[in-house]
Every structure is written in structure tokens, then in C-alpha cells.
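Next up, some structures in C-alpha cells.
Next come two complexes built around subunit A: one with subunit B, the other with subunit C.
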Partner chain A sequence: MRGLLTLDRRWIFLLMAVVAFLPVLHPFNFPGLRTTPPVEAYFRCIDSLPPRAPFLISCDFDPTAKPELLPVLEATLQHAFRKDLRVVVMNLWPGGIGLVEQALREASARSGKERGRDFSYLGWKQGNVNVILGMGQEIETTYPADYYGKKPSEQAVFEGVRVLKDFSLVASLAAGDPGVEAWIVYGRDRPGSGGFPLIGAATGVMAANMYPYLQTGQLSGFIGGMKGAAEYEKLVGVSGKASAGMDVQSLTHFTIIGVVILGNLLAFLYRKEGAK
Partner chain B sequence: MNLAGPWIEVALTLCIFSFLYRDNPLFKFAEHLFLGVSVGYLFIQVVFDTFKPKVVDPLSQGHWAVLVPVFFGLLVLTRAVPRLAWLSRWTFALIVGFGAGVAIPSIIHTNILSQIAGTIRPIPHRPEGGFSTYGMADLGTDFSNLLVIVGVLSVLVYFFYSIEHKGPIRHVARLGTLFLMVSFGAAFGYTVMARMSLLYGRCYDLCYYGSAAYGYATPVLLVVFALFLAVHRLRGGAGRDGSGGGA
Partner chain C sequence: MPFLKRTVPLAICFLFGIVFLIQYFVPHQVSQQMLTTVNDWMLVISGFAMFLGIGSLFLQHADRIRRQVPGWGYSAVMFAGFLVMVVTGVLARGKTSSIETGQQTAFGWTYLVLFVPLSGTMFALLGFFIASAAFRAFRVRGLDSFLLLAAAFILMFGRVPLGEHLWSALAGAVPGLPQIGEISEWIMSNLNLAAKRGIMLGVALGVIATSLKMIFGIERSYLGEGGGKG
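Take a look at the complex of A and B:
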């Protein structure tokens, strides 16, 4: 047993790899995923919008956050298209352009939505928070053309939408800065912004820091990490990659907890033995 | 079907994962490639999404006012010439002035004033437009509001160093430490979940591209890379990498 204390850490890596691969090869479908109030609020914010309401989704992530945030984007798009909302998608991070454009293209094709009438993709603009500030003054000045080179004012999806506060709802799907916090500081809370409703989704790393904004109402709904994404998929009624990933989450967490307990027990045991 | 994308993705994923075994040329290759591609990608995005529409296009249409920000932008490059480097301060002064002017009021409003308002909530909680019925939900909200106030105050006391933490102050500061520990634990738990999500993402793609439809990319490349690492080790490559041990 003492040998376990000096075990080469690569055996732990191998154990984690096996544990992570098993559910992907043979899904266990662990039961018991329950939805939480912040995710339910995120769902309700979209679900309560009237048909043809303008909805902005800012994708503030790149491929490194794909497993956590792409399922949220896919489910949000499906939800919004099902509700017949006018969807505008944009990026604050340049690395996410290809990922987001592909997700939007596939979701719109599945729902039979038309570009320019039902949705628009603005793409990415350099400037971080200045893009949010610019959109608060006039969208077309910041984005003279969408990703495909068409002016926003020439698209039906932008009818009645000139500045940020004209959107009925704004969502930020963020993996860092600029992200949810930037949208609160420079978008929603900025004097003259009108305090538009804002919902957010974030990677697990930054999720804990977002809860104070829920308490104050600065965020109307929130999805944290892959678990939040799986909850949202359950509410929307889709079986996406986040739901599938919960098997891996459960097994790897059990393994980590087991390894931590075992390591501490052994260290405690042999430290006492050494003291004698 | 285009097989190049999946094969490249699997190869690079395995190259990066090979570091878990030990430092090796496959990992170094993938690492350098990632850095190069990232910088190249960003450069192209900036040129075609910013420089062209914001500078080249307006100038070609005769909007000469664009030259003012371009001039200040070029001043930053004077950092490379020590004798003229002071000129770059004009640009930095503009950036800092604008940034501070925009950020300070907004951040004070968002992260201080709104958070104070969110902390001080009426107890007992009264639902909108009526008296508190003191159902279970109301009791839960009251408890939550109380917990927030106690947590904020005790943590503030913990960081208050002007008086010695003795007597009752010590107990309050200790309570603040407990709140901090819970907060760190929650953040760490979420971080573990995030890292496991990334692992799941890679595992999913490796399994997906390991099928016959993608030419068994994962098992084939796994064997090839394992052979490469074995040969590399036998030829004494580990010493040349400067990596004697594991990751």
C-alpha cells in the first residue's frame, strides 16, 4: 500500500483516460439530472418572448470552450427558432467564427429558417468592449455589414432594431473576457442603455463568479458549465452533447473523489506510522 | 468525405496528449504549430475585418478623417526608436484616458453600487404587490438574503487589518474565512468540471473519428505515434529533449 504514495502520476492519467473513454464508448445514461433555478430562468427568458421578437446571441468563446458552450448555443438556437424569434448572432472572440457560423447554418437549415429574414450572423469585430459600446449607440456603425457582406438595415431581421436596447433579449455565451461581465458593465448597466434583459452562459471556470449578478438581477438567467448545458438541453427537449457528457462528468468526478480520499487516507496512515 | 480535417484533428490531439507520457518532439511540434496558427489566424482576421473596412476602404472613398486615428496608431510604433519613443505616450494617454473614462463609472455602478443594492434586501421578503405570506419559498429567500449579508460582512471583517483580530472580531473573521473557503471550493469544483468537460470533448472526437467512416484515424495514429515514441526513446531522444522524467 505504501507504494501507492509514490505511484507514478502517469498511472493516474491512464486511469482518468480509461474512465473518460468508457462512457463515450458505452453510455450509461445515469438518471437523476435535475434542473436548477438559474437555468430554468434562462429557459423562461427565451420561452416567454413573443414570436418575431429580436434576440441577440453574443458568442464570446473559441474552440477551447467547445464542449461546454457549443451545446448551449445549439440548444439556444433550436429554442429560439422554435419560438420563431428573430435571431442575431455575433462574436466578441475571433477564434469562434467558424464554429459559430457552422452551428448557425446547421440549426437554421434544420428549422427551415431564412437568412436575412429570420436570422443574421454579424461575425466578429476588433475592439472587445468597444464593440458593445458601439452597438449601444448604433449597430450599423459598428457592423456596417454582416458576415456575408449585407447591410443590417437591408435585412428584415433588423426591423425596428437600431441599438442594443431594441433587442428584447441579449444572451452572452462566454469563456472569458470580454464576456458576460463586459455585457453587464458596458451593455446592460451603461447609462442610457435602457437596461435590456440579459442572460448568460459561461464555462465552469468562471461560473462561480457569475452568481452575484444573478442575485442582483443584472443577469436574468444563467447556465454554468456542462452541467448547466445538460439541464438546458433537458428543458428544451434535445439530447445533445452536454447531456451525453454527464456520464463522463459523473464517472470522472467519482474517480477524482476516490483518488483524493485514498491519497489522504494513505498519507494520514503512514504519517502516523512514521511518527511512531 | 473529406478525411484530412478529422485526421489532422486526431493527430494534433494525440500529439498534445503525448506530453502526459513525457516531453517529446510530437508535443513540441503541435505546440509550435498551435502558436503559429493562432497568431496567423488573428493577423488575417485583423487585416480583413478591421484594417481593410476601417482604414483602407474609407481612405479609398476619400474619408481623410480616418488618418487621425491612423496617425495615433502609428505613433505606438515609435517605441521601436528610443529617441522618438516619447511620441507613443500621446497614443497611450488617449487610450488610458478613454478607457478610464468609460470603465470607471460603469464598473463602479455594476460591481459596487448594484452589488451593495443586491446585498441589502428587505427581511422579511415581500413578494411583488402584496404582503409576505411566509410560505416556504419566502422563508428560503429570507434565509438566503440573511446569509448573503452575514457572508459579506464577515469576509469584509476578515480583510479589515486596521484592528487586531482578537475577541469577537476574531470569531467574525473566522466566519469570514469559512465563507471564503466555501467560495473557493465552489470555484474549484466548477473548474474541475470544466477540465473534465474539455477531456470529454477530446475523448468524444477521438472515439468519433476512430470509426471506419473516418479510416480508423484514432487507432492508426495512436499506433504510429506509440511506435515513434518508442523508437525516439530507444535512440536516446528523451535525453536530447531535456526531459528525463514524466509530465
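Take a look at the complex of A and C:
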């Protein structure tokens, strides 16, 4: 038993690998997923918009955050298209362009939406927070053309939308900086910005940082990690990748709880033995 | 040339620091136009910063290969990967799929088949290291660590459907016991929020102090002078 205290860490890695693979081979579909108030608020913000309202989604992530944030993007697009919103998508992180473009292309094809009329993809622009500041002044100055080379002013989706505050709702799906906080400081709360409604989604490790903004109302709704994404998928009524990932997350969380308890028990037992 | 190396950068930092500190709070048209102009400069300058970064990366890895230090092969892989991504990216004009046909480009293939899974794998490794570190280091040694462990267990339990399901069965047997999801949400919205807000205020005050020191030329480490003046 004492040997367990100095167990080769590769055994722990193997245990985690087995636990993570089990649901892939045999999905358990654990019941019990409940929605939480921040996710419900995120859902309501989109759901309460009138048809043809302009909605900006900033994808501030790259492939490392794909399991947590791509399901949010996919469900958000499906939700927005179902509500017949005018959707504009952009990136603040260059690594996410391919993922976002593919998700938008698939979602728009499924919903029968037309590029330029129902949605637009601006792509990525160098400059981090300066892109947000620039869009607050004039979108077309910052993005003279969209990802496909077309001027925003030539697209019906931008009708009545010249600056950030013209959007009825802005969402930031973020895996770091620049992300939700940058949209609050340089977008929403900047003097003269008009204080547009902002919602956000972030990876699990970042989620704790967002609660102060939720309480102050600077963030109107929030999705944290894969669990939040699964809750949102449930509210939208889609069975996406986040819901499928809940099996793996459930088992790995319980495994970590198990190894922490085991580690503490062993340490306690052998500390007492050592004292004798 | 201390004038060009020190005085001019300090003067630029002071001028732009003061002007744009005031500009942030002035939503007048002139002020907005000024920001738009400087924003364009920033976009161009940050483009040059990328070339600087690439140059530094190349020099470092070329040096590793030249000296054949242990693991120099990884540096060669870096060059190969860079070459493949740049060549396919330039040929596809940075598009992962064709605008006209929607067909995947060679750049799209390298991105989706190589870059995306490799990035995901790097991030997923964290889960394995966290499990190993938790087994070795997450020990109850007093009240503080016990409270931390208890909060961690509640959150890990309450943030997965299986935990919520098992707790629901328990809550059914014990009248008045709140759902685990509610408890974990309470921890996040109260205990976590209070601690986070304190940290954020502290960081913000630190940032303000450092920014003022830079604007007034007290902190000069960004000039490569090392440390502050006073």
C-alpha cells in the first residue's frame, strides 16, 4: 500500500485515458443535466430579439478551446438562424478562422441562409483590442471587406449597422485575451459606445473570472465551459458535441475526486504510522 | 545616441499616454477621429511586430540546429511545419476552403487535419497532469486546505450531470437539502465572486500605477534599461 504514495504517474495517466475512452466506446448518456441561471440568461438574450435584429458573434478562440467553445458557436448559430436574426461573425484570434468559417458554412447551409443577406463573416483582423476600438468608430474602416472580399456596406446584413452600438446584441466566445473582458472594457463600457448588450462564453478555467461582470450586469448572460455549452444545447434543443462530452467530463471528474481521496487517505494512514 | 534611444521614446510614451488617457473619456468627434487614425497606425505597427517575432523564432531555432543541441530535431520539424503552412497558406490565399466551390484547400487540410488535432492534444494533456498532480499534492494539512478541497469537490460534483443525478437521489431522501448545482452556483456567485473582485481591483490598481510610472518615465524597463529609475 505504501508504494501507492510513490506510484509512477504514468499509471494515473493510463487510468485517465481508460476513463476518457470508455464513453467513446460505450456512451452512457448520464441523466441529470440541469440548466443554470447564467446560461438561461444567455439563451433569453438571443431568444428575445426580434426577427432581423443584427447580432455580432466574436469568436475569440483557437483550436485548443474547440471542445468547449465550438459547440457554443454551433448552437448559437442554430439558435440565431432559427430566430431569423442577421448574424455577423468575426475573429479576434487568427487560429480559429478555419473552424469558425466551417461552422458558419455548415450552419447556414442547414438553415437555408444566404451569405450577405442573412449572415456575413468578417474573418480576422490584426490588432487585438484595437479592432474592437475601431469597430466602435466605424466598422467599414476596420473591416473594409469581409472574409470573401465584399464590402460590408454592400451587404443587406449590415443595413443600419455602421458602428458596434448598432448591433442589438454582441457575443464574445473567448478562450483568453482578447476576449470577453476586452469587449467589456474597449467595446461596451467605452464612453460613447452606447453600452450595447453583451453576452459571453468562456472555457472552464476562465469561467470563474466572469462572475463579477455578471453581477454588475456588464455581461447579460454567460456560458462557462463544456457543461455550460451542454446546458445551452439543451435549451436550444440540439444534441451537440458538448452534450456528448458530458459523459467523459462526468467520469474524469469522479476519477480525479477518487484519486484525491485515495492520496489523502494514504497520506493520513502513513503519517499516523510514521508518528508511532 | 542617448537622445534617440532614450529621450525620444520617453517623449513619445509621455505624449501618447497623456493624450489617449484623456481621449478615452472624451466621446467628441475630433477625439474619435484621432483614435481612428492612431488605431490604423497601431494595426500597421502590430503587423511589423509579427515579423519581428518570426525573425526571433527563426534565429533561435537555427542556432539550435547549428549547434546540434539535444532535441535539435524538433527545431527542424518547426521549420518544416512553418514552410508547409506558409506555402499552402499563400497558395490558398489564406482560405481553408475555396470561396467559389466551397472545396477544402491544401491549407484547409493542413489546418483541419494537423493543426486542429495537435492543438487539441496539447491542451488535453493538461487533464492528465492535473489528475497526477491532484493525487500527489492536493493534501488536507489544515482548515484552509480542507475548505479548498471541500469547495473543489462540490464544484466538480456539481458541474457534471452524473454528480447532479446522484445528488438528486440524496436530496430526495434528505428534505430541505438544496441541489448540488445550486450550491456550486452559490459558491461561484458569492465566495468566488468576492475573491475575484478583490484580485481584479488589486490588479487594476497595479496596472494604473505601472502605467503612470511608464508615462512619466519612472519605469523604463521597456527601453531595455532594466528596472525603474526610482
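Keep in mind that, in the parts below, the second predicted complex is superposed on the first by the 276 of 276 C-alpha atoms of A that agree within 3 Å, B and C clash if a C-alpha of one lies under 4 Å from a C-alpha of the other, contacts with A are read in each partner's own complex, and residues count from 1 in each chain.
Criterion: contacts are C-beta pairs under 8 Å (C-beta built on N, C-alpha and C of every residue); 3 or more make two chains touch, one makes a residue touch a chain.
Keep in mind that what you see is a predicted model, and the values were worked out from it rather than measured.
Three-chain overlay on subunit A, with subunit B and subunit C in a clash.
Shared-chain residue A:S111: touches no atom of subunit B or subunit C. After overlaying the two complexes on the shared chain, residue contacts for A:T36 are found with subunit C alone; subunit B is out of touch.
Of the two partner chains placed by superposition, only subunit B is touched by A:Q218; subunit C is not. After overlaying the two complexes on the shared chain, residue contacts for A:D189 are found with subunit B alone; subunit C is out of touch. In the superposition on chain A, A:Q102 makes contact with subunit C only, while subunit B stays out of contact range. By the document's definition of touching, both partners, subunit B and subunit C, reach A:K125.
Contacts of A:L25 after superposition on the shared chain: subunit B is touched, whereas subunit C is not.
Set against each other, subunit B and subunit C differ in how many residues of subunit A they touch, and the higher count belongs to C.
Of the two partner chains placed by superposition, subunit B and subunit C are both touched by A:K66. According to the touch criterion, the shared surface of subunit A, contacted by subunit B in one complex and subunit C in the other, consists of residues 9, 13, 16-17, 20, 64, 66-67, 95, 97, 125-127, 133, 190-191, 204, 207-209, 212, 215, 225, 227, 249, 252-253, 256. Those residues of subunit B that touch subunit A in the complex are listed here as 20-21, 38, 41-42, 45-46, 49-50, 53, 102-103, 105-107, 109-111, 114-115, 117-119, 148, 183, 186-187, 190-201, 203-204, 206-207, 246-247. By the touch criterion given at the top, residues 7, 9, 12-13, 15-17, 20, 30-34, 36-37, 62-67, 95, 97-99, 101-102, 105, 125-128, 130-131, 133-134, 137-138, 141-142, 148-149, 190-192, 204, 207-209, 211-212, 214-215, 225, 227, 230, 246, 249-257, 259-260, 262-264, 267-268 of subunit A touch subunit C in their complex.
Across the interface of their complex, subunit B is touched by residues 8-10, 13, 16-17, 20-21, 24-25, 64, 66-68, 94-95, 97, 123-127, 129, 133, 144-145, 181, 184-186, 189-191, 203-205, 207-209, 212, 215-218, 224-227, 241, 244-245, 248-249, 252-253, 256 of subunit A.
Residue ranges of subunit C in contact with subunit A, taken from their complex: 24-27, 32, 35-36, 39-40, 42-43, 46-47, 50, 94, 96-97, 99, 102, 108, 111-112, 115-116, 119-120, 122-123, 127-128, 130-132, 134-136, 138-140, 149, 152-153, 156-157, 159-166, 168, 179, 181, 185, 188-189, 192-193, 196-197, 200.
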